[in-house]
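A, B, C and D label the chains in the order they appear, each numbered from 1.
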Amino acid sequence: MMQDTFEPKIIAFCCNWCSYAGADLAGTGRLKYPENIRIIRVPCSSRVDSALVLRAFQNGADGVMIAGCHPGDCHYDTGNYHTRKRMMLLKSLMEFMGLDEERLLVKWISGNEADRFKDTVESFTSKLKKMGASGKVRDLRCAK
Amino acid sequence: MCKITEELQQIAAELLKEGKVDLVLGYTKGEQEEQSVPCIVTQPEDASKLIFDEYSEKALSKYLLEESFQDKKVAIVLKGCDQRAFKLMQDESRLGREDVYLIGVECPGMKWGEDLSPFCLHCDYRTPAKEDVDSLLTGADIPEAMQGEPLDHEDSFTDINRLEKMSKEERFEFWKRQLNRCKRCYTCRNACPVCTCRVCVFDRENPDYIDRAKDQMAQHQFYHVIRAFHVSDRCVSCGECARVCPEGIPLHLLNQKLLRELDKFYGEYQAGIDEVPTPLSHANADEPDFFGKEGKA
Amino acid sequence: MRIPQKTAASHQREELADIIRKDVRDCYQCMKCSSGCPFAEEMDYMPHQMMWLTNLGLYEKILNSKSLWICASCLACSSRCPRDIEPAKVMEGFRAMILRERGRTNVSPVIPKGVPRQAVIANMRKFRR
Amino acid sequence: MKIGVFICWCGSNIKNMVDVERVAEATGKMPHVVYTQDVQYLCSEVGQSDIGNAIDEHQLDRVVIGACSPRMHETTFQQLMNRKGLNPYYVEIANIREHCSWVHTDKAKATVKAIDLVKKAVAKSYYAVPLHAESLPVNKRALVIGGGIAGIQAALDIADAGYPVDLLEKESSIGGKMAQFDKTFPTLDCSACILTPKMVEAATHENITLHTYSELEDVSGYVGNFHVTIRKRATSVDEERCTGCGECVTKCPAKVDNEFDQGHSKRKAIYTLFAQAVPNKPVLDRKNCIYFKTGKCGVCKKICPTDAINYEMEDQLIENDYGAIIVATGFELNEPTHLGEYHYGHHPDVITSLELERMLNASGPTQGKMYRPSNGKEPKRIVFIQCAGSRDRHDGNSYCSKVCCLYTAKHTILLNEKFPDTESYVFYIDVRTAGKNYEEFYERARQMGANYLRGHVSKVEPLGDSDNRLLVRGYDGSLGEQTEIEADLVVLATSIEPQQGAKKLAGMLGISSDRNGFYSEAHAKLKPVETQTQGVYLAGVCQGPKDIPEAVSQASGTAAKAIVLFNRGQVKGVPTTAMVDEELCSGCMQCKPVCPYEAISQEMITERAHGKARQRPVASINRALCQGCGACAGLCRSGAMDIGGFTGRQLLAEVDTL
């Protein structure tokens, strides 16, 4: 079965102050989660623009995760308010174009929520496994 | 000859004669009856070339950025939506108000082939505000369909509703069908009066946003999503992007969809009428959180 | 209830203070006395309310209340009062004031069912003449 | 470009789950990678010297590390780069411990992931740009806005440290609200007795300049370099000449309600705010002056022995540069007229706590005598209503005003002490006594006879008797019944609110306010006196309701922050700030409102095009202010805005390798 062998590729943009720290804490706590995720460090979730997300999908990412501080906790005060506004629009446009907006996950994970980080990665990975490979935005010639 | 055209010619001739402006940027009749094209008049006697009718769709304000218009005093003809575009350019420091003489005209609604543009049906800013322009010409022949209250967004952009009701796969197929026709001629971008970047990201070689994706479909999706984003909150609802598309792709639906979402969650905002900052340039704690515990993510 | 213009006279307050040797002003209405009182359900004013009426100077209400006589003097309230006011003692004080003023006891002895012997004996003490 | 890749074992921490040799081998094949090595402990001295030697030997100009989280040892490696004469931002770290070896269980898969992560870092390093932190000199002069107790304290602390301070006050005297109070809880110190010496000290301190009757007109600049314009309103009294003899005040024929006494007394049109005012020189209130209204009068001018009255005096604009700004603008009290059920404004015997405070004050309108405004008689029974407008979402402020519980306890104590035959009834929802010795103080109030009734008052109405008394309808939670009290005087504990002009000031200073209009601190726990704008600090109630000791300690906190800044003498920004590509930027300034630090401004550049020099606007980053969040870069359509260390090109490179 396809589902059994398919390993989704996940690119995660984690803000340096909360979510990246949360992922670090998951490591320090030796929590275990699937290997599918590749984390890219950004100063703040608001640094991520829609071009980066689309580019990740084009490159064959089956899921993209953007993780930032909880609203109100942003290291830069307002960054994640911008993130949620921009990403809501991107998701609704993706949905409108018939793309799988579920493949873009926006999550607030604080620096001490190692469990939340682990749970998020686990559930996102298993969801993407069920959904199968992303083909709709994928640039086939880019795929390795 | 309609009243506005008559007055327009008169004003243009006067402005040129008195030396108040170096040139007048307006419309003249094209080769076909159902076509009006941009036209520059520099001599008072040529003012009679100028016309204004329901085919004068092209937004002229972006011409002002071109090199040949620099350091010149220009008079420009603006419909309601054009004036919004002008105001936005002004707010975004792309041009100053001082050297431009604005001739506002009442718009009778623009034709998309036989029909009226859905943008015009929805438009409640056909005529520029009097205080925003130097002369205002009114008295257009308003077609019956536009005489009442403007239509709601939902009632004029019915295609969005139709698409929203489809299944995801149907929507995908729809856009695949549409976007596969795209030749990336960039006419939509060039016609858009708010696409005013000095260098468009899609014209940049490094990082090369386009060349990387060799697959047509993926490229088109990329281009149109990004363009819709760049325009979204700044769209002045002129409808030029869709009208000029040689392949007839209804790509205005993308940014109108975004506009609808913005209005729904962050309150109505009309670029070029309401004051800047535009909705995407600010964010605060009180806005809805879609990604919290109970959010749709 | 309207708080009357004239509350307890100072001689009454002094009399009470004299008997109980406690300052009811210390009461901050935590209601622990009422929460532990075995007879609170039977009372018209619960112990904390008695304390409160004392503070407000509404002695008439206290002197006419059933609660004074339902109180079994089990001293649960007193032993638990975080302010050391000993509500049982305050009750006793009012009873004493009534008993001093002969003829005032117009309350009939009430002995609810299932009352422990100790309470009955306590009642005997109260109604002794 | 010569890149060296170093993979750390971290003892067994990485090596046990990741095949480090394979990672080194795989990344070694990437373009520009000239050297790879796996090392037992990269952070150790041995590891560091291994990297150093490789840099020397192979002339490496970029270093990629596969090790623990960059949050752990980024600075260690950056310092190494510095020592080797390379820019610290030429080192890139792949997190193969916290994000890989520690969280995975399948060695083969973890090794593949580690290779990906290191490759990603190598790709990112291709586009690395050297970065430097900007440092700017600090102007060692502080501005304190607000001359209340918090402002005075902050000014005194900074001045004592030897730095000049300007103290700005909009009224004609410093002192603020505390000057209006009678006694202070929980010690019952006389407010004036402890405040006045501080006021005098501030006025006479060699490092403090007072600007009374002045307001903030404009602020520009940033931490260390604020440029401020102060508007000194025309007092019509020449400060130099005036001796403060008070002759003009005595003779002035115009009488108006005295705001300082909450309207319970009259003052003249030319007046000093209160007897102990600092500076003790009168100001002329032009709105109520007969001369200014009719052109006739001029008594003050005639009577003044030093000819100090100047009707032609104009507002003065004073410009100054400061390194730090302390905001101590305090609060206002809500006028409870909108709470119709309390009858405030309709019956003279319903007053606010501040009015009572003035009445009790020995230097107040009644010299400390209590009276009923309706008939002047002494009140015998006083009802206090707590939370009148506070903790009221419906018709007031949802927050707690914090000080009312204690000052009401104080009022009942003072009343009991001064007028033993008055009765005090207090209707409350909760009594909050969090503070040193506050519980004891509250106990004392109850001890001394205050009757606390738990329940909110629903209605105050005139009783309609000959004495014009009031009937207070409430509920007594203890007795569990509705309770009515006939009262001679009803006192409302009104809600503390931000100053009317708070929002405008916030806009000028670039600081934010919370939903209630109080200024927001940078972090609720750990940065309680800082704001999001560097160099602007918060003291006192402008940040949220608080009592005097809290306001004073917060003020000293702000002073410490300012002094630290001045001692350091320069501000150092973060190196990873935003950068503008002026070629691409059209100066649309959409990025400006996005920036939480007001670090983006518009700047004109001159450009030669078609043989002509032309001016055009572009966005410009103040690198001392920018903290490098990248919200601007995430929005910029043309890609003109970028973030050092996280450029669009670098992030794309990372995405592209995965």
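We adopt the following convention: contacts are C-beta pairs under 8 Å (C-beta built on N, C-alpha and C of every residue); 3 or more make two chains touch, one makes a residue touch a chain.
Keep in mind that this is a model prediction, so the values were computed, not measured.
Seen from the Cα centre of chain D, the chain whose own Cα centre is farthest off is C.
Each chain gets a centre from the mean of its Cα atoms; for chain C and chain D, those two points are 54 Å apart.
With centres defined as mean CA coordinates, chain D is found 43 Å away from chain B.
Separating the centre of chain A from that of chain D, both taken as means of CA atoms, is a distance of 36 Å. Separating the CA-averaged centres of chain B and chain C is a span of 84 Å. None of the residues of chain C touches two or more other chains. Contact of a single residue of chain D with at least two other chains is seen at positions 594, 635, 648, 652, 656. Listed for chain A are residues 51, 55, 78, 82, 86, each touching two or more other chains. Chains touching one another form the pairs A-B, A-D, B-D, C-D. Across the complex, chain D is touched by residues 1-3, 5, 23, 25-26, 28-29, 31, 45, 48-49, 52-53, 55-56 of chain C. Touching chain B in their complex are the following residues of chain D: 515, 583-594, 602, 609-610, 612, 614, 617, 635, 637-639, 648-649, 652, 656. Of all residues in chain B, those touching chain D in their complex are 67, 70-71, 92-94, 196-201, 204, 206-207, 212, 230, 276-278, 280-283, 285-286. Within the complex, the chain A residues that touch chain D are 9, 11, 16, 20-21, 23-28, 30-33, 35, 38-44, 46-49, 51-52, 55-56, 59, 61, 75-79, 82-83, 86, 118. Touching chain A in their complex are the following residues of chain B: 160, 163-164, 166, 168-176, 201, 209, 212-215, 218-219, 221-222, 225-226, 228-229, 232, 253-254, 257-258, 261-262, 265-266, 279-280, 283-285, 287, 289-292, 297.
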